[in-house]
Every structure is written in C-alpha cells, then in structure tokens.
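Dropping the structures in below, format is structure tokens.
Same chain, two partners: chain A is paired with chain B first, then with chain C.
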Partner chain A sequence: MTQTMTTVDVPEGTETPHKGGRAVRYGRAVPFFVVPFGLLFVLFYLVPIGYAIVQSLYTVERTGTFGPAREVFGGLVQYQRVFEDGPFWASIGRVLLFGVVQVPVMLGLALVLALLLDSGLVKGRRFFRLAFFVPYAIPGVIAAIMWGFLYSPNLSPLKPITSAVDFLSADFVLWAIANVVTWVYVGYNMLIIYSALLAVPAEVYEAARIDGAGPIRIAWSIKIPLVMPAIVLTTVFSIIGTLQLLAEPQVFRSFSSAVSSTYTPNLTVYATSSVPNFNLAAAFSVVLALATFILSFAFLKFTQRKGVQ
Partner chain B sequence: MRTAFRAASALLVSALALTACGSGGSDDDASGGGTSAASCAPSSGPVTISYTTWIPGIENVVKVWNDKNPNIQVKVQTGPNGNGGTYQNFFNQLKANNTPDLGHIEYDALPSFRVQDGLFDVASCDIVAKAKDQFIPWTWNQVSFGDDKSAWGVPQDSGPMALFYRADLFEKNNIAIPKTWDEYAAAAEKVKAAGGYITNFSQSDINQFAGFTWQAGGRWFANDGQQWTVNLTDDKTKKVADYWQNLISKKLVSTVPPWTTEWDNAYNSSSAWTWVSAVWGANSIMSGAPKTAGKWRVAPMPQWSAGEDIAGNWGGSATAVFKNSKHPYEAAQFALWLNTSEEALALLNKEAQLYPATTAGTKYSYLANPVEFYGDQKIYEVFADASGKVTPDFTWGPTMTSTYANASDGFKAAVSGTGTLNDALTATQKSTIETLKSQAIPVKE
Partner chain C sequence: MSVDAPVRNKVQESLLSRTAAMLIMAVCTVYFLTPIWWLFVGASKSSDQFTSTNPLWFADFDLFANIGDLFAYRDGVFLRWMLNSILYTGGAALLGTVLAAMCGYALAKYRFRGRELIFNVVLSGVLVPATALALPLFLIFSKVDATNTFWSVFLPSLVNPFGVYLARIYASASVPDELLEAARIDGSGEIRTFFKVSTRLMTPALITIFLFHFVAVWNNFLLPLIMLGDERLFPVTLGLYSWNTQVNQIPELRGLVIIGALLSITPLVVAFLFLQRFWRNGLGAGAVK
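Let's look at the complex of A and B:
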C-alpha cells in the first residue's frame, strides 16, 4: 500500500506544479482564442438566427386600410402560411430534383479530375490544378451573366446551337443553371478531394503495387475509400448550396422567361421580404434552414451507417 | 450530440432574450407613431437633410441648393433604382428606424410605404399645401391618393405615354401611322410581312401593361378607407390583355426580356419598329439603339376608339419625407425647390432626362427644343400634350412589389406559351388578395 502510495505520490508531487502551471497558461489562452470567434459567431450567426425565429413568430395587425401596423405574437400563423404555400414547396421540389442530378454529376467530375491529377498521367499538373479552380474565383453573379449571354438565342457566339435549342426555355433552364453551378464549383470540390488524396501516405500505394494492383484498381479500392470523408464533406456542402440557390436563378430571371420570382426557396424568401413581409420571409427561412439541416444530417447518418457495415 | 444540444439551448436562450427586446421595441414604436403625426414646423438653427435617390447626376443639382442655403444642407446618397434595391433598403431602414429624411419613391410604390406607416404627410406643411396647384392634377392625385387633405410626397416627374415609331420603315413599306389600337394591330401584320415586329411586348416589366390599362380605363385598386378592392380582372383590363395576347399568339410582337442587351439589340437592329412608351423612353432608345439615329418620330398613343384622346402613364416618382425625419419642414422645402423651380427642373432634365410633374415645367424652354435623334422633331410637345390627357384616378395597391412579381411570372409563362395574359391576371388577382391578407390589410374578397 505504502509503496504504491509513494510510487504514486512521487510522480504526482513532481507533476502537480507542472500540470497546474499548464492549466493556468491554458486558462489564459482559451478566452484569447475563443472570444474573437465566439463573439463573431454569436453576433453574426446566433443572434440573426434567433432574430429570424422571433420574427417568424410574429404577425401584423392593423385597423383600416392605412392604419399603422402593430406586430403581435402570432404563434405559428406564419408557419401555417408556409405550409399552405404551393409555389414554395414546388420550389423545394425543384431544387431537390436539381440536387439529385447536379450534385452527383459535379462531384463525379470533381473526383475524376482529382484522380487524374493525382495519377501522374497528366503533365503540367500545377497548371491544370489552377485552371480547374479558376471558375471558382469568378463571382457567381458574373459567371451567371456570362453564361446567360452564351445561352442567349440572339446574342450568343454559339448562335447556331442556341437558336436551335433554347437553353433558356422552361424545359431546359433548370439544367442550364445546373451547368453554370457545376462549372463554377467543380474545381473547388476537386481541390478538396485532391488535397485529401495528397494526404494518403505513399507506403499504402507501394504496398498495393507490390500486391499487383494497377492504377485503376488502386484508384477504385484504395484512393476512393480513403478520400471518402472528403467526398462526404463536399456532398454535404453541395446539398446546402443547392437548397440555397439564389444568385444564378436571380440573374437568369432577366435572361429567361421561365425563371419565376419563386423559382427556388431562397428567391421566395427574397421576394417575400421585398413585399415587405419580414415575418413570413423569416418563417420561410427557418423552414428552409430546417430542411437543409435535416437533409445534411440524414446524409451524414446514412453514410456513417454504411461506414460501420 | 451534446454540442448540438448545447447549441440548441443557446439558440433558445438568445431567442427568448430577443423576444423580450422585440416586444419592448414595438411598444415604443406604437406610441411614437401616435404623437409624431402631422406637425410640420420649421427647425431652429442650421440643419442637415439626408436624401436617398437613384437620379444620375443628382449631386450637381443638390450642389446648387447647398450653395444657396447654408442653413439647410442636403446630403445626398445614391443607390440602385427602387425595385433594384433601394425600396428594400428603405423598408429595412423603416424597420430599424434609421431612414433618411427624404427618399425617392415611384408613384406605384408610395402606397406600399404608406401602408408600412413610413411616410410623413407633407400636406401638413403650409408651403406644400400652397404649392398644390402648380402640379398637374393627376400627378398630385398620385401622391394624395385622392384625399385632398394629405400628400405623401412631392410629385417629381411623370411618364406620359406616346408612340415612338420608325418613320423611315413605315414610309418605305407604305404603312400608315396607327391612330387606334385596331390600326396598330393591322399595321403589325404588315410589319411582320415586311420582316419586322411592330414592337416588343414587355413581358416582365408590368408597368408598361399598367400604362396601357390606365389609358383603357381599367382600375386595378380602390380604397374606400375601410378596405381595399383588387380588380385586376375588370372588363377594361381584360380587353387590353386579350388585345396583346392576340398579338403574342400570332407572333406579331417579339418578346425578349425588357431592359436587357437583347432588348437594345431588337431596336438597334431594326427588328422592332415601334414602342408605346413613356417620355423617358426617348432616352432608352437613344442609348440602346444608336444605329437608328434620326429615324424615329413620336406620335400620340393609339386610342381604343377613333376620335378619343386619352394617354396612359408609365412611371414617374415623388420625393417623399419619411415619418422619422427630424426636420420635415426643411425636407419639404428642399423637395419643393427640387421639383418646382425652373433651375432644378432644367438641371434634372439635363442630367437625367426627368420630365416634370408641374404644369409650368412642361412648358419650360429646355423642353421646346427639337431633338436631333428624332429627326429634329420637337418631341416634348407631344408629351406635354399627352401629360394633360392622362386620366387622374388611377390608384396603386399597397403591395405592388408582390403584384408585379406574380403578374410578371404569369406574363413570362404566357409569352413562352403556357396560359394567357388573362390567366396570369386571374392568378395575380388571387395572390394579391392573399398578400394583402397576410399583411392584415383589409381587402374585399
């Protein structure tokens, strides 16, 4: 007993001041690092979200045609309006369809490009890495305007194609927008996947090669499973981005007669807040945020369960 | 999981805290709104007035005022046009209680600001009440909403409509200049046969259609003090919608989106031959279709029955004083100078081609000159004439942004072959009533 006590005591005796010193130093450093982030996070994230939730629970009352509006607590009245709003749910359906097609296409392309860059088959790796990434450096609005002109039936430099197929018509415009989004974000997603590939230790490949695996087999059985977390991450980002589509359809409204003021959920929010009906717009935003959260969370759960199996 | 829970509870706490703040704030608003109503007294000592507008070159006009009035200095801030973002800013500023003293608001948006209780009644300022007779009656009606005792802004400019047409092409193809809408439709067939379109139908800017309806006698909104009546489907509006639907269905008009490079191209490449537009359209053609210089002329707007002489209006705006202004008297004083004095009106016309809302303004010498782009025609004489023929009782609704957005969605669909303009108006009628109801604005169903 005593022996163990002493053997325990001795290191404790020597370590305690050490530990204590460390704790004090950490204690001072923690707020130093956390406060700037925490403050900004609270100010520009939690407070606006809280404010939106509060706004969404209010409704206006007034007397007479020009009576001043009074904001009164309305409970879930605004949410009832949200759930009765056909165009809003149609727009959710539209972006879901968009996401189901566009996200796999974009991430598939990003993955293929990342694997090609990593494979050593490509010369001028640095050049291509930059070239694929450049569209992401172009602001979304500018990219949309540029593509708008490319699609335009009368002004496009590709007039022989665009005058035969109207990319801005009701049938095609969703996919015309998907193409713009893909063009902008492929390079960005490729870079995330590519940096994950660079982090794979070379010994793994060596071992695979010794076992007789060719480049395609290595890509399929080693690289892709190892960068799966990066792919999951980019998918979650893309799901969020898809549900929040705003800039591209907003720009396309001036090019195409098929993009309505409620084409995507965020356009609905925007249109509602410019009525101005801030309470209803807030309720739309909260529902959209919840939908985004549920979808992203469900996807993460789904992939995690698959990972366990 | 635990962090998620913590985040959620933090959210809840901040939400509760905000509820407390929020309810306190709105109480203050209510009492403030009650007491500040309609007292327009001059301030003592020097004041600074803030003014937000999107008029190009406004700084030069304001400078003239500031040089002469050291005690009332106007600080001007420019932004995008109303529906392009400035109205949204005004609404946000109203919510946050930090509006400028003066704002540029188009006639069709004034009721929206009035219904948000954002405007100061400038008729309570004696100087404005006295100036009433200087304005063209229908422009005053746009700011008074038909109530003699109030004015929710000082009328600034107006957009009487007329027919812009390509004199060279009409002459070459031996087509008479249409005086009625029937003749216009007949001319459209001939223009099509000659390889052009008589005009481009403004599919997403509903204001042009509103101008047509205004001329035809359709009245979209009425307000009897108790409730609003929405009437986007009256017979006269239907007549106008059927008329244009017919031209669209027969492909006699082009339908490129307005205010785009494509639109400019349609006029610049002589594909569109006429444009029934407002006085400011003169400038749109000049800048959008430079290749057609000297070939355009202006004639009165086509009429629904031969022998009638009625014009529509498209656009026009007021300078409004916001409710929270601390110096409404001085703000109104500046707004009056800006919109009635010859020096200011001449400058506004030179910088931004604004067309005045005062009777005297339409007769000033700078509007009597021949315009080179229009083959030296004195085009403003046509518009001065039209300005006197705009019917005075067109009322805008209190949620035009949403009405425009919904009608524009429907018009766009009609133009691409889904439904008709009348379908769009029927749907907009319904959605407008919904929007009014969701804002608790009393409306007749």
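Let's look at the complex of A and C:
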C-alpha cells in the first residue's frame, strides 16, 4: 500500500532537479537527459495510477431507472463490491493455483536445462540454446492460437492424445494454458540462469572437483546457490506475469467454452470495463496491482532475509 | 576386485550421464520446435489438405499461393497490420530506448538532488505491470477524445522503466568518469559527449534495452485491445486475434490465421537468433544486481 502511494504522491517538481547539488557545473545537462523520460513516465505511469485510484472512489448514480447518469463520490463502495465479488476472487484463486504449479515447473525446467548446458555433458550447446529460446520470440496471443489448434481434437498432430484427453475441457484447460506459458518462457528463463552460471569463474568448481565431487553434487551445492539471485529475479517476474494473465486465456475463449469472461483477474477487468462499469473496473485494477506489488515485494523480502541467515 | 574396476565404472557412469543429458535435450528440442514446425507445415497446405493429411508433413506445397490469398484478403488488411506492428513496436522501442538511455545515463553519471528518489520511483515502476495501466490510460485518453488513435497506443508504449534501470547499470559499468572528464577538457558539451562518445560505449547495452522494450510492447495485448476499435489501426497480434474469434462463423479465416501467424513471427524469430548474444550479455548484467 505505502509503496504504491509513494509512487503516486511524488511531487512533479522532483523530475527537474537542476537546482543545488554537488556537481552544479554539469547541472544544466541533467534536465535535458531526465525530463523527456520523466515527463512521459509521469503522464503514462503515475497519472494513470492516480487516476485509477480516483476513479475507483466514484460511483455512477441514476435518478430513476432511465434517468441521466452522473458520477458521485462513493468512498470505498467500489472496493466493497470488489470484496463481495465471488467470480473475481475465484479468478484470483485460479491464477494463484496456476502460479503455484506452473512457476516451479517452468523455472525448474529452466534451471535443469541451464545446468545441463553448463555441465559440459552436452554437445551442440549453441544449437540447443537457440532452439529453446525461439518460442520467446512468439507473442502470447500467437502462441495461444497455435496451441489452441494443437489441442483441438480434429486438427491436432497429437491426435492419439487429444482424442483420449480433452485439453480444452473445464478440468484441463487451466493446465493447457499453463503449458502455453511454459512453452514460451522456459528458454528465456533458462538464458537468464545460464548467463549467471557463465559469470561464475571456473576456479570455483576446481577445488570441489579435486575433492571428488561429481557434477550433480557440484550443481546442487555450488552452482545453484551461486545463481540464486537470478532465480529470485525470474521468480518475481513470473509471479507478476501470472497474476496479469490475459492474452492466452482471452484467446482460449475461442477454443473452449470452459474459459469464462471472468476466468482471470485481468479478464474480469476487461469484461467489467466493456459493460461499461469503469469505476468498478478501476477498483479491480487497483486491487490487482496492489496484490501483484505486495506478492512480488514480499517474495523479494522473504528471499533476502533467507539469504542473510 | 581388480584395480581398473572403479575406473571402468567411472567411464560407464560418465557415458551414462552424457546419454541421459543428451536425451533430455533431445526431448526438449522436440517439445519446443514441434509447434513451430507444425505451423510451417500447416501454412504450406491448402485448407482441404490441412485437415486431411499428416499435420507434421508436407502435402502439395501451396505456401506462396496461401500468402497471396492472405495479402489479398480484405484489401490487404494483414499488410497494414504488419506495418502497424512495426511502427508500434519498432518505433516505440527505438525512441523509448533513447529516452531510457538518456535518463539512466544521467542517473549513473551525474550527482543531483532527487537522483535517488527518481531512481526509486522508476524502479517501483518496474513492478507495476503494464496491464494494470491499460484501463486508466483508456479512461484518460477518452477524456481528451483520443482513444482509437495511433497515438493512444504509441505514446504509452514509449515508457519502459526497466530500460532506465538497465541503462543506469550499464552506464556505470561501461562509461568511465575519466573519459567524460577528458571530453570536458576538450571543450565538448555534456549532450554532445553523450551522443558522440557514451552511446558508442553503451551500444551493446542499448541493443539489449531495445530488445527488452520491443518484446514488452509486442506482448502488450490489453492496451490495443482496450484502446482500438478501428481494425485499420490494429497491430498484427490484435488483428489475428480478431480473425481467430470469427473462425467458427467464417471457416476460411482459419487458414489465414495460420499463415498470418507464421508470417508475423518469422522476422522476429530470425532477428532473435541473430541478436541472441545481446540477450545473454544484458541478462547477465540484469541478474547480477
């Protein structure tokens, strides 16, 4: 809460800090460098956040059933609606379940592949690195369209599987989407972890090798602890991505009737704003952004504390 | 027990782990590449053969005829979408990279009041997901009657706080203060020094920032979805999505969606493969801090 509030409350004057300071000599150049980005950041980041909060505090009132609508200050009325909205919380629960399963699977696979690439056991490293990274070039919408076809029983090359299991049914579609996300992002996460591994000097492993530690022991006791910061970073980005899930489920609505218009929190925001009920949609947005912020922040703090011990 | 038994065991063990490792790599390669292979094969078939022949192998090679059909459909709206995507993503990423580089550079190389505050505010911007901004941006743009315009998608796409964060790290690492001092002594102004000297030193970093920015805009689906109503302004992702939602009513669109998907990802896949080392460099620096 406080974090987001401080982002909003920053006075605009701080964006052009040319007065005072220690290196006054070059002070004149600073606004030239900072103001263009700063201005756009204020206009298209801070103002929208502030505006969403303001909008979420209003409510639309009508005089009579068909009377003219007007916006009046409603306090926390919209937030009360958010907290009473069953489908919204069901969608939060759904993406949390999704995240608890998909993020560890995806990062686990990325870690294993990065360790294998780094282990010296694999020939043709360059080829595999490229092959695993290719899906990252494909935007979520297109990836979801491709997999949507691949899951469809009558088109799929996986016919033996898709005729036995309906991936687009209510029971499986969440995991079908999880597979699309995993497919796109494993290579990207693998590359982050792999570049962290490359940064470790070889001498670090020498001593362990002389002591007779095998590759698995070295990976477990030396490599993984060393690349922990990279894993934490990818986890935070994955948590953010999971709570924001939108494009893939939105596409899957064309393939599967099991994906409702409130399937994920962001779909709820979109559906509510199409009604249109902008005030409620703004309240959903604010709650979702806060939840994302708190969750990724808490994870960062949690891992930092563990790192100290 | 003979002496060489443990040695033989060791050799066998190493052969075993090599085989196991390669097996895992092979299975993953199949998993990652099959959908793309399927897309390529599918795009080369006529719609009859698409359903009636082996989905993973070619029938009559009609790729170019299919591309012709796609380009001709509805007065070439697909080409228009591709052009829009280039402008939205390429344009915004290019300009956005310059802006982020300038800001990150100043944060790294100059001491001024409010520097840490700006950096922290921008850094918390990294944790604010782009999708959370789409709706309020729509409301703001509708206040000034500017929704459903090119600028309503382009302008917000220029801002990339993560780019500033990366630019600051790279500028600290790759532009030595002594060099700037020398440029000052030579009488070069700060702005001139930045464009003539510092950007050159930062070039690999700038390419990395550009790539990150490009992908962020390219993947931002909610903003154009909420903002745009006019089909002629769509980026290609939104265009293909809109066709895909109509496949049940207009079955001929299915083939076009598949060919369109292939064409829209091809330039990016190629570019990614060529620029891969910049990803690695950048990610390394990003993960260290």
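Points worth noting:
By definition in this document, the second predicted complex is superposed on the first by the 271 of 309 C-alpha atoms of A that agree within 3 Å, B and C clash if a C-alpha of one lies under 4 Å from a C-alpha of the other, contacts with A are read in each partner's own complex, and residues count from 1 in each chain.
Rule of thumb we're sticking to: contacts are C-beta pairs under 8 Å (C-beta built on N, C-alpha and C of every residue); 3 or more make two chains touch, one makes a residue touch a chain.
None of the values given here were measured: they were computed from a predicted structure.
In this superposed model built on chain A, chain B and chain C take up the same space, so to speak, and clash.
Residue contacts after overlaying the shared chain place A:I49 against chain B and chain C alike. Residue contacts after overlaying the shared chain place A:F41 against chain C, while chain B stays out of touching range. By the touch criterion defined above, A:T303 lies against neither chain B nor chain C after alignment on the C-alpha atoms of chain A. Contact with chain B, but none with chain C, is seen for A:S169 once the two complexes are overlaid on the shared chain.
Chain A has more of its residues touched by C than by the other of chain B and chain C. Of the two partner chains placed by superposition, only chain B is touched by A:S152; chain C is not. Residue contacts after overlaying the shared chain place A:Q244 against chain C, while chain B stays out of touching range. Contact with chain B, but none with chain C, is seen for A:V60 once the two complexes are overlaid on the shared chain. Overlap of the chain B and chain C interfaces on chain A: residues 46-47, 49, 51, 55, 149, 154-155, 253-254, 273, 278.
For chain A in complex with chain C, the residues that touch the partner chain are 3-4, 6-7, 10, 14-15, 17-23, 26-30, 32-34, 36-38, 40-41, 43-49, 51-52, 55, 109, 112-113, 116, 119, 121-124, 128-143, 145-150, 154-157, 183, 186-187, 191-192, 194-196, 198-199, 215, 229-230, 233, 236, 240, 243-244, 246-247, 250-251, 253-254, 266, 269-270, 273, 278, 281-282, 285, 288-289, 292-293, 296-297. Within the complex formed with chain A, the chain B residues making contact are 10-11, 14-15, 17-19, 22-23, 26, 30, 33, 83, 87-88, 91, 95, 112, 114-117, 203-204, 223-228, 255-257, 259-262, 265, 398-399, 401-402, 405-406, 408-409, 412-413, 415-416, 418, 435, 438-442. Those residues of chain C that touch chain A in the complex are listed here as 17-18, 21-22, 24-25, 28-29, 31-36, 38-39, 42, 50-51, 54-56, 99-100, 102-103, 105-107, 110-115, 117-118, 121-122, 124-125, 127-129, 131-133, 135-140, 155-156, 158-159, 161, 164, 189-191, 194, 215, 218-219, 221-222, 225-226, 237-238, 240-241, 244-245, 247-248, 257-258, 261, 264-265, 268-269, 271-273, 276, 279-281, 283-284, 286-288. Interface residues of chain A, counted against chain B in their complex, comprise 42, 46-47, 49-51, 53-55, 57-62, 64-66, 68-71, 73, 81, 149, 152, 154-155, 169-170, 253-258, 260-262, 271-278, 280.
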